[in-house]
């Protein structure tokens, strides 16, 4: 298992382009967030779909590493996302992941994505990671 | 319907951060590609999942705009992606989309993603866009 | 909105082949269950995938009709299911649905499926229904 | 690898409730079909979603067994389906599967579903099977 501070150091070293904040991790769950900037928007003032997908995928990855430790080679095998509501064009975007299966070779989790100032989730994703044998 | 050159001008103006090339568009299909750079990679020398998701989503968008014209407010409602093989860390990544339904309010398409030098697809996605009423 | 007893009468009349029990419905949620019999099994003593998919789809339908009333023409547009653990070959299979979006034209929900005697969910699904205009 | 006649005998013996016909199998592909009867319909004269899901899942299973032989314990881990058009209430429903990955532990395929008398597909599915170690 990896702690929040171990995960923060890992992402700075291994994924310097990752720009999210780890808010919570542990107990088969993780919450991460980013500040929405102009680079995340698309015409109509909506946060782009890829930004939401990237946050969903990252929240799953953080939750899994929180359980199995700093194994950078775990890879996504499937991601399914439903876009539910128009996200806010400002404030933070938060992704809350819970693992619903943490097996030896596959982990599955779901993720709710929230915008500041909007009570209901703006998107929901389900994803599977393949975990390499030790 | 929008031509390849109209779509190129549209993306430069409306989505300046989009950095893909439109290779073909028309007949309910589109092919787009990008040159893979260090920014697209993750540890292990693999193209990141979000890069593949972004290309799948963009190929769907280009194919749809090729049918309905330059309607920037069409939005993704669902995307499902399976990651099949490790993509090349260099060369181009190509996304080939075919629309399997082009309705008045919903469009559905599938996308195969290919890496240079790898014959089989590296990922496969299916997505739905909601099309705003005229 | 439709009550549990209205929904029970509706399914007996309109879907006589539906053989599940409605355990709870209301507040953008529904729980339904069936007794597993030999007809639901496949080799290896596992409940078949289609049985789990059918229950997930039905739980979504019951939850939606609980909100919008007895509109039989609402139809599934997308269903995504992850099979997590081997279900029990006996006892009841229970599907718990929560709606995460209840819009005018689209409803989206997620469903956890449980087997008697197994604490963790055996499957998880996400689905979208299209709701016909009034 | 298993031939069409070996697969037909296998399904009669192991899955007597399976009532589809194997039209073609081999070369990482399979086509199966059933005659639509009243039992497959739901209100509105539409083939039920679970019938389409069951046929998509079965077409994947037949295509995989055509490659790896008669291994009944291969199980679905993920299925995603988009319902595209109202299927015919009579005639045959045909599911055409192509495998897009046939790995040692995971196989992924896509399936187009067709109704007699309708040119375009009525549904499209993507699924993953987990293959047990030998």
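Labels for the chains are A, B, C and D, by order of writing; each one numbers its residues from 1.
Just so it is clear, a residue touches a chain if its C-beta (ideal position, glycine included) is under 8 Å from a C-beta of that chain, and two chains touch if they have at least 3 such contacts.
Keep in mind that what you see is a predicted model, and the values were worked out from it rather than measured.
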| item | value |
| --- | --- |
| Farthest chain relative to chain B (centres taken as mean CA coordinates) | C |
| Pair with more cross-chain C-beta pairs in contact, given B-D and A-D | B-D |
| Chain centre separation (chain B, chain D; CA means) in Å | 28 |
| Distance from the mean Cα position of chain D to that of chain C, given in whole angstrom | 22 |
| Intercentroid distance (Cα basis), chain D paired with chain A, Å | 33 |
| Shared interface positions of chain C, touching two or more other chains | 77-78, 80, 82, 128 |
| Chain D to chain A touching residues, read off their complex | 77-78, 80, 105-106, 128 |
| In the complex with chain C, residue positions of chain A that touch it | 78, 80, 82, 84-85, 100-101, 108, 110, 112, 120-121, 124, 126, 128 |
| For the chain D and chain C complex, residues of the former touching the latter | 14-15, 17, 39, 42-44, 46, 49-50, 53-54, 57, 72-73, 75-83 |
